[in-house]
Amino acid sequence: MWSLEQVAEHNSPASCWVIIKSGVYDVTDFLQEHPGGAKIILKYAGRDATSAYEPIHPPDALEKNLPPSKHLGPLSDIAAKFVAHEQENRKKTKDEARVEKAQLERPPLGRILSLADMEAVARKVLSHKAEAYYSSAADDHITVTENARAFSRFFFHPRVMRPVGKCDASTTILGFKSSIPVFVSGAALAKLGHPLGEVNIAKGARTTSIIQMVSSNASMSPAEIIAAAAPSQPLFFQLYKNADDTVAEKRVREIERLGYKAICLTVDAVIPGNREKDVKSPWVIEDLERGSPQVHVEGQGEDDGDTIFGTAGALIVNDDRNMTWEKTIPWLRSVTTLPIVIKGVQCVEDAVLAAEAGVDGVLLSNHGGRQLEYSLPPLEVLYKLRKQRPDVFDKVEVYIDGGVQRGTDVLKALCLGATAVGLGRAFLYAQSAYGESGVVKIVRILEREIITAMRGLGAASVKDLKPEMIERVDWEPLPRARL
Amino acid sequence: MWSLEQVAEHNSPASCWVIIKSGVYDVTDFLQEHPGGAKIILKYAGRDATSAYEPIHPPDALEKNLPPSKHLGPLSDIAAKFVAHEQENRKKTKDEARVEKAQLERPPLGRILSLADMEAVARKVLSHKAEAYYSSAADDHITVTENARAFSRFFFHPRVMRPVGKCDASTTILGFKSSIPVFVSGAALAKLGHPLGEVNIAKGARTTSIIQMVSSNASMSPAEIIAAAAPSQPLFFQLYKNADDTVAEKRVREIERLGYKAICLTVDAVIPGNREKDVKSPWVIEDLERGSPQVHVEGQGEDDGDTIFGTAGALIVNDDRNMTWEKTIPWLRSVTTLPIVIKGVQCVEDAVLAAEAGVDGVLLSNHGGRQLEYSLPPLEVLYKLRKQRPDVFDKVEVYIDGGVQRGTDVLKALCLGATAVGLGRAFLYAQSAYGESGVVKIVRILEREIITAMRGLGAASVKDLKPEMIERVDWEPLPRARL
Amino acid sequence: MWSLEQVAEHNSPASCWVIIKSGVYDVTDFLQEHPGGAKIILKYAGRDATSAYEPIHPPDALEKNLPPSKHLGPLSDIAAKFVAHEQENRKKTKDEARVEKAQLERPPLGRILSLADMEAVARKVLSHKAEAYYSSAADDHITVTENARAFSRFFFHPRVMRPVGKCDASTTILGFKSSIPVFVSGAALAKLGHPLGEVNIAKGARTTSIIQMVSSNASMSPAEIIAAAAPSQPLFFQLYKNADDTVAEKRVREIERLGYKAICLTVDAVIPGNREKDVKSPWVIEDLERGSPQVHVEGQGEDDGDTIFGTAGALIVNDDRNMTWEKTIPWLRSVTTLPIVIKGVQCVEDAVLAAEAGVDGVLLSNHGGRQLEYSLPPLEVLYKLRKQRPDVFDKVEVYIDGGVQRGTDVLKALCLGATAVGLGRAFLYAQSAYGESGVVKIVRILEREIITAMRGLGAASVKDLKPEMIERVDWEPLPRARL
Amino acid sequence: MWSLEQVAEHNSPASCWVIIKSGVYDVTDFLQEHPGGAKIILKYAGRDATSAYEPIHPPDALEKNLPPSKHLGPLSDIAAKFVAHEQENRKKTKDEARVEKAQLERPPLGRILSLADMEAVARKVLSHKAEAYYSSAADDHITVTENARAFSRFFFHPRVMRPVGKCDASTTILGFKSSIPVFVSGAALAKLGHPLGEVNIAKGARTTSIIQMVSSNASMSPAEIIAAAAPSQPLFFQLYKNADDTVAEKRVREIERLGYKAICLTVDAVIPGNREKDVKSPWVIEDLERGSPQVHVEGQGEDDGDTIFGTAGALIVNDDRNMTWEKTIPWLRSVTTLPIVIKGVQCVEDAVLAAEAGVDGVLLSNHGGRQLEYSLPPLEVLYKLRKQRPDVFDKVEVYIDGGVQRGTDVLKALCLGATAVGLGRAFLYAQSAYGESGVVKIVRILEREIITAMRGLGAASVKDLKPEMIERVDWEPLPRARL
């Protein structure tokens, strides 16, 4: 039972204690191991760190990373009450006040007609930090933008006079049934946008019978998330492989034991992308509070670069940067019986190598434009794959993610041979705006749009979607209108 | 003779009466059959519904859809007067007030120099609901925009030193004479924009000697419309085939009996498109009246989706979604001797199938971009047809509609082999802005533009317009200037 | 000697007198022959018409078009003084006041660095009517814009390590020396922009040793213009052939007699283009004076269309619309010994026909985008001609006009084989802004830009400019920056 | 020892003295030789010229250009004090006041995340004159813009599952080690932006181990600059060859003696480009001070054109305009043993000629878009060279400069075969904003971006960057977002 005064004494790198949810922890030795760097912890040395810790760590993070001897025990009741009281009476930041107002002004869910409508609401109700993390992408946001624009270069050759009275958009992914050819692609830190985070998505996926791929970097633990799912509901796991094979194996075996149905190995994020919007976000908030921007003082050195990888960098600091087709795939096969998907293939050559490596699925993805700027849009890679190596589609299931906004986008990928299409940010936005109902809503919207477009195309089932129904045009349509 | 009090008692799904033009109708049993859904009728249960009913229903709608026993008879004189008085003294909505002002500020008709000028006036004088219905299109309005932009990729190779002192733009369509190679393409609900609706168009077509294609979804009956035409004036009928062949046959025979000269079977609208502007239009009006947008209240479920198909959905709810070339064309041939045009062909393959099915004309159209988003622009389909299957032009007449704004647009289609070009929205806008005079005006504008451009091209008649006079360029001109 | 009261009695179509420069004229019989229509004259029936007449008619127009018997003689001195006094004390229109202010605010000529700078000044100091007439183009101004944009698709392959210490940009056109490969292309009505009109251009051309092509529709007579030229200074004449061969022959013989050095037969303007900005210009001025736009009054008919061809239409009403290669070229050869240039060829096929018809020069031009909208840009036609029929360049001199703004534009045309490049509007703007000095200035600017670019290209003379120095790229640069 | 009164008497072309840093100089005879023209000197005739002289002349300029007899000796102490006092108490111009404020508002250096961030700061803290000189480019800034846009047309085919745990971006240039494949390309007048000018860059290059190419037109002398470098630090020299071979030889031998490691012969700037922003910059400042623009007075002649080449023109007035491959390269080989790079090759043909001429390196460059407008972007030339003449890369080292903003830009050039990439303006901006620290900062940024992108591409060293990793796409991405 600790008093605040006692904790406050340990406020330096030499001895650094923090309070998290009324517990006191000695993180002195852990400072150098913290994936997010020592600096961010030291900001809270000797005091309560709960509000910074909670939205971006799974509940079991302390348990996993800190030896029991460093769990120093609870605050005294008075201290705990005082901390809670302080937290409650704390003056709201300008950004918090803005968010609170935006929450009250959300339109009724029935007025959300499209994923763009949903994103617009989410962008308003998210904290600046969350909005920056979700929307940020590599360098100048070329890739994230081009991922979406790529769809606009593909037009349909719709077929008429085909019976579409009955129209079925369901499919299977790695043998698991999905109500529409859409899945939740792995995306981190859902709790940044909503306290129920990834569980909102799991429950929405349950209601609508689609498949969720859970990220290694989720803000909730894999166990917590799958616990929210129905018994028979299939969930996949997006693996960021640890550089240490033993650590990685332990993780994979835990995932299989928890009941996840596939392992999606992330190969396009061995180091963090350069996401400036995310990196700049704390400065924006500081300047907003201060009322004016911070200025340069000559003679002071540069920043130590501690923050330049932003939120993203912290998440993957221990990941394996030396994976190879020859070494890593056989290793993964040796530690799990689950189907394996390679997530992050970005060119035809690697799709072929993946198929030859005997995996079960290939997810063409450039990480939503968050990693390498000017990585070719996944839809363009899919198009090349269809033209250059159609045999690959017979060997593995192929998926894409990145830039999908409409039912027609989904159908374009399917016409070119994709089994299904993943969305990441869309689900983060939906749960941020309306929780579980938001998740359900966007699946319903996509379902309606997919069925409408299939009928317009003359397709009564996903099998009827063919490469000859689509054409890559040589002009660029104007941007989508905001109505 | 009913009192208002008596009617007012029947204000629930259990017993639902409405007043339309001083008549009382029991629509309780009809609620579930109403193409527009029960909800919209129940808004008026027990009271006068005339203002909502009139602009979107043909005058014979009640007669056709409600058995005589449900025609309960007239209101009492006092009640009728009271209703009329109420209607007159009703406070104008903000949108009505705006429209009234805009009507007074219309420029003189002589100042309308182009179809764009006409549309600009119409957009101002239309009610928000009408403007939204007329201008709305699928999803993000990509297709509607690209339909028009496609024309800008085609440039002329004008020929000089050819005698064009005499220049004749007339042609024939299915053997019927037309003063210019332009026709009114089927478009619904003209009364939304002007009380005389489709009759404005019929009279304007009469004055200018062009052909009108009347929609199944016109806001006036086919009989009413043809009655406004001259005895020899040819009108075509745009058929939305009912799923029930018997109902459909009855319709076709009635049309033939009335004197229509061709049947244009609509094949690109088996289900309503996703027109968000149309769906959102009531909310825009509500929020305008309220002075602030409606907000979300947690815990309340989603809307029941009753309105998500907007005005469009209601119109085609009973249409045949299982038409085929093998079944539907022979059936239609068996019930009519009129020439048959397939309206809504969107790719080369289907144009070939139509020609092989022995129809008389093929209208390349994607429904003005209102159905399947990313359907290839009709002009591009025409261009492909010319290149890949020029033989089709020898077997059937080919038309296009969608995106036509200028005489040069018309000539581009004719150079590529089209017999004539249809315009839909342009006629709705013209009659909304200036009634019949507006219709006449835009035909005169098109005629002047066509003749001017033919002479500039070195063509003295439509036969002189050749594929070699046109080139598809590899750049995209800037948008048309607003002068 | 007439009094104002006497003239004022003749203010109707039955008897219509007007005063022009203190002379009284009976134009009753002429009303129906007036190329600009009767209506515009009747506005001035019975009163002074000088200010409307002067800027758009050559001084000999009355003499040529009105028999001597209709020249009724001068006003009385008192009447003439009164008219002059009225004119002087007349309240300035808002547009005149704006122009007067803009004149005072012109930057020093030394600050004009480019043709764009010059145009910007001119656009400000021109009356609305003049600005509208000069800048207007067909339909939506696509062609005029694309004429200029076409140049931006051509990039250079500059050569280095070539001696360019001495660099000579001079050339010959039809054997006549020109200081730079640039000429004044025919353009009408220079007096709209400056009282000295075409004479400004003739004098500027003299100072800078370039060739002026004088328009049939100049606001000064060919005699007046050539009188301002130096004795040896070559001028060409842009002929709008009259439909009546006798009238036309008389015109050609007069031109030859006056000393013009070539006949440029205009073939792309057999009827006026659709120039809406020009047509709308009187309404803009009316509304400006009125302070609010004119509105529509139901029941009043349409305008009679009297003005729909604007200023342009009036100029060419009697022109020959039935010229042919077989008939017109031999006829022209038979009535003149001057070299013949065909102005307004717009495709490769017609350039070939012109060469075969034995003319001396072909001017690839779409009339500055003022005639047929979507006529291919002249530079693109030139590029096609170079690729498809390089032999044509050996048979005739080839020129282009339309869209030229910079020295690099000129060099692009020369690399592709053009002998010289014409500019029309640029000279109208220059003389409007600064009179003769403006004309000299833009030639000096072009000369400097041409020499600079030739040296940058590694070309010491125009002979060194070769097709291999230029490439048509497959992207579209952003618009030119305004610095 | 001169009094101000004595100096003031010599204030005309007949006898023109100026004061520079308390010394008195007789420049009467030099007026006509001054590369920047007599006019600019005469503005200061009879008075102190230090503030105009200093930022654009190397310290040894007087010594080199004025015979000792014209060095008239120092001002008297009182006069010198008076001049200094005047200078100090001089009222700041509006532009100086703006710059002073902008300096105080610079963000902390740690917040500069990209070269675009750095440029944004520099653009604010630079004087108008300096900003105009640095950012100006030929004509309408098409080329400078397209240089940068060219990079956006190249997308990557990133390879996954390759070991990139260790990643090394270092390379050699002409045998000299560089920490990243980036060098400082020659750019003039660094002192315009910061009093320490080129020395800032030399020191920053030393700290970060990259190579600086020093311009003939630097605002500091080659000796001064190399003195700031480390003993082993390699610097290259960008030679503007004097028309007089003897003068040029003396220069080259001096450079070699000073220890520079390579001669980069500039071949794309034999005459100044047309840089209107630079030329206009004094007028902008004048009008700003005056509070209103200067206006035209009729009758006054044009400017004498003295200033129309701006800052740029003055710098190269004596350069050799008649260089040839046959004459100039052997001459240069005969006067130096240093490696030779040709700077300013702009097409494949000249790259081949350079390789055949036996030089050591070819810098594909269009002078940052400052010379010939519409010179093909260097990256496009590089791409053509790779496709058409891959053998050239085996004979000479190839570099490019122009438009580079990001690490991915650098890698695109390297994939296509470039050895290294130069940046010019970026270093001027960086040292203007934060002096030497700014230079270090942007190298660190580029290093981080390059390493990040190499890992994303699957490349562990520059040797792993291959042509097959890059694709020229057929669409144009939207402009880079400003975050």
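Details
Each chain carries a letter (A, B, C and D) given by its place in the written order, and its residues are counted from 1.
Just so it is clear, a residue touches a chain if its C-beta (ideal position, glycine included) is under 8 Å from a C-beta of that chain, and two chains touch if they have at least 3 such contacts.
This is a predicted model, so every value here is computed, not measured.
Think of each touching pair as a link: the shortest run of links from chain B to chain D has 2 of them. Considering every other chain in turn, none proves to be in contact with both chain A and chain B.
Comparing the residue numbers each copy contributes, chain C and chain D share less than half of them at their mutual interface.
Superposition of chain B on chain C using C-alpha atoms only gives a rotation of 90 degrees, nearest 5.
When every chain is reduced to the mean of its CA atoms, the largest separation from chain B belongs to D.
Chain D has its Cα centroid 44 Å from the Cα centroid of chain A. Here the spacing of chain A and chain C, counted between their Cα centres, is 63 Å.
Along chain B, residues 474, 476 each make contact with two or more other chains. By the touch criterion given at the top, residues 104-111, 113-114, 116, 152, 154-165, 406, 408, 412, 434, 437, 441, 448-449, 452-453, 455-457, 471, 473-478, 480-481, 483 of chain D touch chain A in their complex. Within the complex, the chain B residues that touch chain A are 136, 139-142, 145-146, 149, 153, 267-268, 270-274, 276-277, 279-280, 283, 293-297, 300, 302-303, 305, 308, 321-325, 328, 342, 344-350, 353, 366, 371-376, 380, 474, 476.
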